[in-house]
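Consider the two complexes below, in which chain A is the common component and chain B and chain C are the respective partners.
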Partner chain A sequence: MTLDPRKKQELEAKIQSYVGVESVVGTASDLVNEPMIRHWCEAMGDDNPAYLDPNRAKDSVHRGIVAPPPMLEAWVMPGIRPEWTLSVEELEAQGRTIHKQAELMNVLTEYGYSGVVGTDIEHGFERYLKPGDQVSATLRIEDVSEEKATALGIGYFVTVKRSFRDQNGDEVGWNRFRILKFWPAEQPAAASNDAAPSANPTRLQPPRGHDNVWWWDAVDAGKLLIQKCDSCNTLRHPPRPMCGECQSLDWSGVEASGKGTVYSFTVLHHPKFPGFDYPFAAALIELEEGTRIVSNVLGCDPADVYIGMPVQVSVEQVDEATKLPIFRPVK
Partner chain B sequence: MANSIADQTAIVGIGQTEFSKNSGRSELQLAAEAVKAAIDDAGLQPSDIDGMTTFSLDTNDEIEVARCVGIGDLKFFSRIPHGGGAAIGVMHQAAMAVATGTAETVVVYRAFNERSGRRYSVGIAEGIVTPDLIHWSWYLPFGLLTPASWVAMFTQRYMHEYGCKGSDLAEVAVSTRKHAINNPNAFFYGKELTVEDHQNSRFIAEPLRLFDCCQESDGGTACIVTTVERAKDLQHKPAVIRSAAQAAGADQENMTSFYRPSISHLPEMDLVAKQNYEMSGLGPDDIDAGIIYDAFTPIVLFQLESFGFCKRGEAKDFVKDGNLEVGGRLPCNTNGGQLSEAYIHGMNGVNEGVRLIRGTSLNQPAKNDHVLVTGGVGVPTSGMILGQAS
Partner chain C sequence: MSFETRKWNQIQVGEALPELSFDVDTTSIVAGAMASRDYTPVHHDRKLAQAQGLQDIIMNTYTTQGLVVRFVTDWAGIDAVVKHMKVKLGVPTLPGQTLKVNGSVAEKDESQGTVLVNVTGTNSWGDHVTGSVTIALPKGA
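For the complex of A and B:
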């Protein structure tokens, strides 16, 4: 699913116009205060006395209670009715305006990119906040990516830097937040009546046809087979209906010892397909019988796979739907 | 009759659209614009065209393109399979059709919205064509799903056998970028790349990094092939097709020929080279510049070896010291290639090959008697040698 090129061009022109735009986020409704610090620490399970115990805190380098630095953004959070849930009229009635990041998110949603997920965050802290400080925040939209294909669906990465200042206008900290705003990938037809998408996506299933179904049936039964010509005994993989050496149509499947070595491999990073844990190693294994087969090397860090590595097959259920011959390093 | 198509035909017109990430129009429109531009460049009329050829993967029906452009009766049409492997396969078709008198003037075209429409980089997870199903069954469940992943498997082995390093691959990427810097049609126009930038770019499929992989682009290109006699009366200096050939090697698969005794060279490209040198009577020393198919950096190394510019395993040394740049031993991909200009399935390279012969490249080497142009790698493929009119 995607937009037609003209709509997409229109959208990209709109969203790119936000790059470099700055906007006021707002000023904290409450001054930095001990009750809110205590609630935050309780919720986060943080029992650092520098945040909680006035008696011990007064002997610390801060000479009193300070707020946990990661709480910085919480001071300017808009409460349980964030601005993007309010209409422009409602906001104006409260004397607030919609900030540019929220506006950009709304544009993307309008065009069908309704999904949202935070992908990463960086922080920087200039000083600890103390009770009585008043925090205000501004933001700058640093980047809007080109369209990317992700496991969640196609979408745009938006990078926003927020700067936090105190009542004197001095910077107390910043964060840089990357958000993926995506067009939710379509769910398979069978799941379309289900509100919740499957939590455990499975690998793509190997299509089975006349020339390979016997081989996959053997995998289902826990075996790794190699096709052997009944006439000249040549082994071949991947299977084919006729022997390239003697043109015989007679063949059988013989069970492999499962011992092999890595002939070549690649560690896969991008793009990410459902059902795989990235990064992982796909390898070309040379079996001791002489044929080669593509599979995965599991049971070690992908960075430790090397050409010549001895491996042993094991037929494994890798997810709910998929059983595969997988190779693991020989100990 | 081994040399029946040698020196009998020439490319007399080239045309293309802009290359972009989002053309904003249909593939048919791109094809029609490119074909019209090529006919204009040749100084011909649409009614002069009597043959058409393109890729099996092209979605633009010949007769639809013909109706758009006002091309009348057609005596020849054909299509070549295997993705970028068809790049010179279509030129070979045009040369054969014209050399045999089947048609007099053939337009070759390729147009797609590869970036804004169906992207090849996202792999085979969707829309697999039925005859391929069994083939892909050996790769799908193991996560080997994209062109980069298939090429990575060959590259890892090649690097292992010959001591080639990621920084050697970077040399190829850097050379194309040096050319793109001067080409306003290139995506990377004016944007420098260093070996260090390449080495810092993220992995896609190890050992391949982001800058080892080509562009994804929208765009269309076309060129016109006719007889060398007719070419004499036309406005541009013709690019004579000295030789052209296709080849599939023994035990070939579509992108996954992993089962041959060696996977660190390309038997099909070796056969393309052999046929071209035999047909043209030329050798590697006669080639002044190359358009070497560069969907990924390592495949340029493999091809330099296939065409005998260096010995097996020595391409990593050949690509150093600016040998692929203007002034070097073999200026390559002077438009920026598919790595740095645009990915139009090799056909933007055909147009650049013609410019090199005409002497109009934006990165024009001094000597331009013979230019090698090759098709895609890992699939049944193709290549040709262009030369000056005698």
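For the complex of A and C:
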């Protein structure tokens, strides 16, 4: 299940208020040092003498040992017990505070968007760090997206830029992370044996193949498309490779106006499949463009649906894993 | 690896860099996570990773970045100065896979003395990382 609209509005107001917010990340607890550099190089299998060999490094453009640039953030990482894993009481007792990105992540987790994955990273390096440098970092939340449907589940993309400075306050580098904070979709379950069954089962996922994935991708993006033959302009649905009129294999997708009428319908009471609210109206909708599509008519009592009823499409999240074009009566 | 410095003048757009092949196991993933001080459980705790729907622990992004930069500096040498890196992350990398990093010179900027290298890191599931690294190099003769 997805959030009810009121909850979702509440969440979105909260998370959007973080856009533009700046926050101190912290100051490195260790000065840039050769042992940590060596451990990094060992893990990466990186033998660059600029990081490891004082003599060769001295004769290079670096004029001595330097830290590998992608280590930049490692210097200010919070260690084994990050602030955001501590309770309010623990934070107070330890005199620590939680930065704004962590606070935002916690808000999303609280509302069910518990998954997190990095999607894009950008780094700018102003100068290489040398042993003895002390790094500190601040961050700015640049963007929080609208809710997006992704392969991992529905979620929000959060873009955060960090700025790193040395002991003199000069910028040594920056990075920008784009993170997807998502509501995990049903997994093919590596660990489902111990996990409790989901309280809100999702519907069977529509099969997506070479010939129809474009149509479902458009649905995920909130659009209802109709396939149009490029040779004779005949419209067709559901998506298939060949035009039934002229046998052409050339086609394109055109966006439907979303207006239509109920061509036929039936009301389902039984058997009850998980993920549906019974009874509901399964209807064949005739789109104003002329093609027909099977969907549901929601937004009225199923008993009030009639043949010829004017309806309008809206692409809706029907459960946490599924978006569908749904039709509602035109008032 | 000699780490002899490549000179800006010697480099041709289109030049392919030698492949970096990195055998990934639990130890290397955990080592990379610890070296970057990243204690997020999915990078060291298999049970927890599986509870989140993953097959196994996954390589952390700092290790990915470390390998992308290593791929470029292995080729460019000790005097290369990394200026910028921009990557998109794809499929995760798990123990038992081999991460193969490849790339080639896409652009040269004479006024900056920089070279932009396009990089792709793939494993048996597909593209793990794609992007670019910009380095500055000595001009050369």
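Everything that follows uses one rule, which is that the second predicted complex is superposed on the first by the 186 of 331 C-alpha atoms of A that agree within 3 Å, B and C clash if a C-alpha of one lies under 4 Å from a C-alpha of the other, contacts with A are read in each partner's own complex, and residues count from 1 in each chain.
Rule of thumb we're sticking to: contacts are C-beta pairs under 8 Å (C-beta built on N, C-alpha and C of every residue); 3 or more make two chains touch, one makes a residue touch a chain.
Quick caveat: nothing in here was measured; it's all calculated off a predicted structure.
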| item | value |
| --- | --- |
| Which of chain B and chain C A:295 touches, first, second, both or neither | first |
| Contacts of A:324 with chain B and chain C, given as first, second, both or neither | first |
| Which of chain B and chain C A:124 touches, first, second, both or neither | second |
| Touching partner for A:73 - first (chain B), second (chain C), both, neither | second |
| Which superposed partner A:267 touches (first chain B, second chain C, both, neither) | first |
| Contacts of A:209 with chain B and chain C, given as first, second, both or neither | first |
| Touching partner for A:282 - first (chain B), second (chain C), both, neither | first |
| Contact set on chain A toward chain C in their complex | 36, 39-40, 42-50, 56-57, 60-62, 68-71, 73-74, 77-80, 82, 115, 117-125, 128, 184, 187-191, 194-195 |
| List of chain C residues in touch with chain A within their complex | 1, 3, 5, 22, 28, 31-32, 34-39, 47, 50-55, 61-63, 65-70, 73-74, 78-79, 81-89, 138 |
| Residue ranges of chain A touching chain B (in the complex, touch as defined) | 5-6, 8-9, 12, 146, 149, 203-209, 211-212, 216, 237-238, 244, 263-271, 273, 276, 279-280, 282, 284, 291-296, 307, 322, 324 |
| Chain A partner contacts - residues on chain B that touch it in the complex | 21-25, 113, 116-117, 119, 121-123, 125, 128, 133-146, 149, 152-154, 156-157, 160, 202-208, 251, 256, 258-259, 263 |
